[in-house]
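After this come two complexes, each holding chain A, first together with chain B and then together with chain C.
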Partner chain A sequence: MKDVLLKTECLSKSFSNGGMLRHILKNIDLELYAGDFTVIMGASGAGKSTLLYALSGMDKPSLGRICFGEEEISGYGQDQLALFRRKHCGFVFQQIYLIDTMSVMDNVLAAGMLVNRDRKALLKKAEELFAAVGISKEVQKKFPTQISGGEAQRAGIVRALINQPKILFADEPTGALNSKTGLDVLDTLTKCNEQGQSIVMVTHDMRSARRGNRILYLKDGAILGECALGAYRSGDRERQEALSGFLREMGW
Partner chain B sequence: MHKSMLLARSQLKGAKGQAIAIVALLFLASSMLHLWLMLSMDYRQNFDRCHDRLHAAHVLLAADDDSDGLRDFLTQTAKGDGRTEEISFDDAMHKVGFFAYNGGEVNTELLFINRETAVSRSVGSVEIVEEGDVKSGIYLPVLYKSKEIAIGNTIEISIGNTDMRYEVCGFFNSVMAGSHNCGMCELMLTEDAYKKLEEENIAPKAALCSIRISDQAESEAYETMLKNAVSSKYPHVKTVSNSYALVSQSRYISQMVCAGILSAMACFLSGIALVVMASNIVHYVQENMKHLGALKAIGYTGRQLRGSLLMQFLLLTLLSATAGVLASYLLFPPLNAMMIAQTGIPYEVRFLPLPLLTTLLILCGAAWAVVCVSSRRMKKMEPITMLRQGIFSHNFKRNYAPLAHAKLPLSFALALKTTLSGIKYNFTVGVTMLLLSLIVVFSGVMEKNMIADATPFLDLIVGETADSCISVLAQTEQDFLQEMQADERVQKAYLYSSQEVRHDGGAKLMATICDDFSNVNNQSVVFEGRFPKYANEIALGATYAKEQDLAIGQEITVTANGKEAAYLVTGFTQISNNLGKDCLMTRDGYERLGELQAAEYYLNLLEGTDIEAFHAQAKKRFGDGVNVTINIRAALEGMSSVYISLMKVIVFAVLLLSVFVIAFVLFLLVRIMLGSKKREYGILKACGFTSGQLVLQTALSFLPAMTVSTAIGLLVSSCIINPLTALFLGSIGIVKCTFVVPVGWIAAAGAGLLLLAFAMACLLSLKIRKITPKELLVGE
Partner chain C sequence: MKIRRLFVGFLAVFAVEVAALAFLAAGDVDQAQDAVLVNEAVQSVEADWHALHRHKNTTGLSYVVLDRVGHVLFRTGPGLSESINAAVRHRDTILDIESKDAVVGKLILYNDSVPLYRSRKRTAIVTLAAAAALQSAVCIGYAWYLHRVIIKPFQTLNGFAERIAGGNLDVPLEMDRQNLFGAFTESFDIMRFELKKARHAQAKANAEKKELVAKLSHDVKTPVASIKAASEVGAARAKDEKTRENYRQIIRKADQINTLITNLFTASLEELQQLTVVPEEMESMELRSLLDNADYLHRAEAPEIFGCILYADRLRLQQVFDNIFANAYKYANTPLLVSCGPCDGFFSVCVEDDGGGVLEEELPLLKEKFFRGGNAKHAEGAGLGLFISDYFMQKMNGALIVENGARGLKVAVRIAYASSDAKK
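Presenting the complex of A and B:
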């Protein structure tokens, strides 16, 4: 029996648009488990990213509850959510979002120093993570605009992992990358998951989705179905076919 | 042109906040500039207009002798001078006297004239400003109109040693004798009151001679000529005189002080507004490099892009300057009321096209120059370079304050990073705080030396102050001195007499005569060299010495009473009473030119002594031996209260203005910073930074530049405030200021300024609360 990390009850999110209320998420009941690589798929406008923002405390739901363990985070204010994010969450974005005016290392340390006051230990941890994702010392000193997209995204993953989050949220992490660098990033995420890191990833890319062990399919703001794939194994055809079948069934 | 206008409109729409802050700063700058120009270009000219309207004299002389012989002599002398245009004589009475005014006393040469005579004089008639139904009494210059001195009230005037009571009938405007700053003050009496004063023989009858000359620039020389002629022919006749040059300057001291302060404020505010404008343009170009590159790529020329900026800022400048000019018309009446309390000449506020045009031209011209210089990057860059450069406005050569090595807490370290990489912000903040520091120091110095305790200011302006002055006749002097030495209430009594002398028989100098200058209270009157010690020594007013190119050690000839003697210049003095035309000499020194008919003694009395009662006792004891008594404390209070009230308002206004300036500059900078760092703040919030941390971080990033520039500003301003004040007061004879710089006050005010600026930066940064990480993700 897996530990429930995040749980939602009747999670709804609506936006007012030109006087009309648009329901993006509709009564979602969901449990996310520790150690899982959960992939959220769906067509454009299905509410994937909205669900990710709500789950990660970046946005507040309109209705319903989100619980992180025993903590109900759906009632939190902005600053409480910020504290929740720094303590428990890591983020990898499609647009990477490193701060241009800080070196790669400073981008990571700025996030790390929020939680860890021990600068030496933090530096050591950062260097370990950089080494694990294959970023050299040279690159660490550079500014984000001076490195490649792949390097920047891997640096983004280091920033997301520096505080050893309980859960890593990734929003289309390969969306802005070319095929080769995208693959490197996916490998990095897979490696993290294999080491026990819980990951929730939004994607509409089949190749990325294959890395997950649990696939959720969202349609019109509701979970249409889910599929358990088991642990990722490179070149596992049976797994690939199971995913393809599931997505076909969902109307992908 | 049309395309540039469209661009300008869209830029304005996109930066409303910045536009508002720049408008506010330009508004303040233009109102100060326009006020200053109105004061400089028109206010003082009001004296000339009034002088012309009342057909006033250029030289006014009252001689205590109403014989036909003297009148004939004066007529002949005047007619013999080619400069004379018109001469007229009137009957008057003349005596030194005083009356209570403004919490103190006015003590001056009083000139009593019959009302009917005064209003019908062919030269120098007066105009009645206000008149009641009172049939018998006195009319005073409009300057003295106050709560206590009002129509129907009774005023007590001490004429010599006699107190007279009059009912106030009205107020009038007299150009050449309508204030205690004119050397003589005209008072009009109704027919019966005039006759009564004449009969009581309190004040000697005098001939009032009013002369108009062809060239007003010659007024001083003419006065000298006339007075020399009278003193040669009638050495024992007491005369008082003034000239257009002296009166036009001395009645406008407050205008000069206000104009000086307003000019400084106008320069500060315009400077800050232009720096802020330049910083805004540089920032705009950097942040919109891609957008501008795209516009260039689709065919807009560099000239069109710069033209849009020029149009935008010229429009803002024109609008805010016009609004500022309108506001200055609202501010002018209260300022006018304050200044009339010193000038005593009514001024009617009216539309003045020249200051308006000058204000608009100066500000629009400066804005044009600033836009051209700040936007020159746009002209040279190729569209592809601009498109590629995009957000690369940061200097990537150096990673400032790397977090791996920073020993500071995270918020401080990140703030330091922003500070070190934000030269534009630092420059704008630095310039603002530097200028505001000067205002703080100025306010501190004025508070300490004028508002809280006016002694240093009075020492500077008046020269010597004591508690009382008693003028005794020569034959009473020894008895008086013995009595004073025996009186326990008298701490110090020393001769401090004033007599008129002339340099080389030409320029009039007011000589202060003392037995021993080491006795005087204000030892800093001589600021260079030393006081005269011997009979052949003299200390000269610095302004006059400079005009005449005289140096210490030089020998000059001084004349008086038809005699002349040579004196060695031992030092330079600064006394503003006679606009710098003063000298100091010992009694022995003066007696080389003539005997002192009356000796004026300055007295320092024990604290708590009733000065008026002391004077009454002296008059009782010495009878006619006492010529005049002056309550110096009361006279100074009366005189200084006008300046102190004016300075209180000025200090309050400049401090208030400083608060507004800080608020607007910070508002603009914070807004620019939030705009350019919105993405960064969104990322940091996503990583778990709270709004509070980011607000603190933003405000802290301004703190180093604020602290350093405030510290430098306070230090430099403290060093230059005295020379700067002396520069402003140079025209009234002040060459060196020795105002105490209140270090504690200034340090506390500086800290207050910093705290205020920091609190404002925090407050203005609260907008960060509205930036949500989701906004960042969706917005990209």
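Presenting the complex of A and C:
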């Protein structure tokens, strides 16, 4: 029995557009488990990113509850949410948002300093993470404009993991990368997950979705279905067919 | 009349404000110095020059007397300029004191226009602030008056018109007949009443028509059955094939007439199909206003509603609640208990009265068309309300459950969640 990390009850999110209320998420009851690599899929406009932002406390839901363990975060104010995100969540976006005027290492340390003031310990942790994602010492010293997209995204992952978050949220992390560098980033995420990191990733890319062990399919703001795939193994045809069959069933 | 008085009142208030400001602006302060008094002060100081300690200020002016080197020899009070330099800065008047044709000292006459100017400034600010406060108060008061007299009645009227448009004629328009819309709304309510009467008459005529059809169908079916029976006997006894075929033809036609009569009777039951139900997504919080509208006698306390997205037609749902509350008022006439919550995959709104409920054998029939319970005979009604409500709920993918609760009749309106198909 896996531990429930995040739980939602009747989670709904609405936006007002020209006086018309649009319900983007509708009554979502969901449990996210520790150690899972959960992938949220769906067509454009299905509400994938909105769900990710609501789950991660980046945005407040219009209705319903979100509980992180015993904490109900849906009732938090903006300041409390900021502290919650800083302490428990890591984020990887399609756009990497590294600060151009700081070296790659400093980008990571700056994020770490928000939680931990022990620079030595941070440095050690950062070096471990950089080694784990395959970024050399030379690259760590470079500035974001001097490194490749794949390296930058892996640096983004290190930055997201520096505070040892309970969940890593990734919104289309390979969306802006080419095939080869995208694969490196996916390998990095898979490796993190194998070491116990819980990951929630939004994607509409089948190759990325394959990395998850639990696939949720979102349609019109509601979860249409889900599929348990088990741990990722490279070249596992059966697993690949199960995913394709599930997505076909969902009308992908 | 009231508005004219109000308008005149506003004009009066503004006129008073403008007059006060004009008075303030027009009032000019006499800043000229009284030369005679000044001359008298100088003369008296010159006269007392050799015994200034005995000098008495008889002019009422404020001044300081200095000797030629600048020592203060006399002052009328504290806070005055006591050197030439200070006097220049303060724009005071400096006059020479002469004795035996020689200048022996200076008299510094205090310039008192600064405090005067400050006092004028303070008065102006206070007057302007008071005028602004008065104007704001008048505007807020007027806005409140407009809201109470025009906007609020309009909102009530709007809800009422929506219900009438939706075909719900049971809820009366509760309006204050003293206000601006009094007579207007009364006419509206009379219109509703007349429409309701007309609809009742129509329903009654329909029911009578149906009774007639039922009676006729029964009357027609009996001779048709006789014709069929006789033809069957005739067919059995017929000696030649042609006669037998004729009898069979009669039997087939008799069956056809029977089917037509049955169709004629059931066709009138299909008229409900004409009521359109257009469900869409709505927030559960909107139920509060629907329940408030339906409970116009305020017999129930507002329930706690948890937030979620529902799938329903607001207008028809209002009609369902209106019907349930109207029934409770009509048959039980007790306080009501309203509760909300999830139930069997639906969002359920339960309305329970305190009237002891209905007979168990009547429960399954309550939603039937034209059925009226044993305790309903004394009240007006057509026996259609729950039937139509049930039909509406089914069209919204929901349900209407009628059962006996602990205290009385309990009607549960089960509303579908948005995208519940997807959830299932």
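One rule holds for everything that comes next: the second predicted complex is superposed on the first by the 252 of 252 C-alpha atoms of A that agree within 3 Å, B and C clash if a C-alpha of one lies under 4 Å from a C-alpha of the other, contacts with A are read in each partner's own complex, and residues count from 1 in each chain.
Keep in mind that, in the parts below, a residue touches a chain if its C-beta (ideal position, glycine included) is under 8 Å from a C-beta of that chain, and two chains touch if they have at least 3 such contacts.
Quick caveat: nothing in here was measured; it's all calculated off a predicted structure.
Student: Should chain B and chain C be called a clash or a fit once both complexes are overlaid on chain A?
Tutor: clash
Student: Mind working out whether A:Ala228 is in touch with chain B, chain C, both or neither, as first, second, both or neither?
Tutor: Neither: A:Ala228 stays clear of chain B and chain C.
Student: I'd like to know which partner A:Lys26 touches here: chain B for first, chain C for second, both or neither.
Tutor: After superposing on A, A:Lys26 lies in contact with chain C but is clear of chain B.
Student: Does chain C touch more residues of chain A than chain B does, or is it the other way round?
Tutor: When the residues of chain A touched by each partner are counted, B comes out ahead.
Student: Have a look at where A:Lys219 lands relative to chain B and chain C in the superposition and call it first, second, both or neither.
Tutor: The answer is second: A:Lys219 touches chain C but not chain B.
Student: Considering only touches as defined above, state whether A:Ser12 meets chain B (first), chain C (second), both or neither.
Tutor: So A:Ser12 only meets chain C here.
Student: Determine, under the contact definition given at the top, whether A:Ser62 touches first (chain B), second (chain C), both, or neither.
Tutor: In the superposed model, A:Ser62 contacts chain C only, not chain B.
Student: Of the residues on chain A, which ones does chain B touch that chain C also touches?
Tutor: None.
Student: In the complex of these two chains, what residues of chain A are touching chain C?
Tutor: 10, 12, 14, 21, 23, 26-27, 29, 62-64, 219-224
Student: Contact residues on chain B for chain A in the complex?
Tutor: 391-392, 394, 396, 399, 402-404, 410, 413-414, 417, 421, 679-680, 682-692, 769, 772-774, 776-777, 780
Student: For chain C, which residues count as touching chain A in their complex?
Tutor: 281, 283-285, 306-309, 417-420, 422-423
Student: Where on chain A is chain B touching in the complex?
Tutor: My answer: residues 49, 53, 58-59, 78-79, 82-87, 89, 91, 93, 95, 97-103, 105-106, 109-111, 113-115, 119, 123, 141, 143, 145-146, 159, 163, 171.
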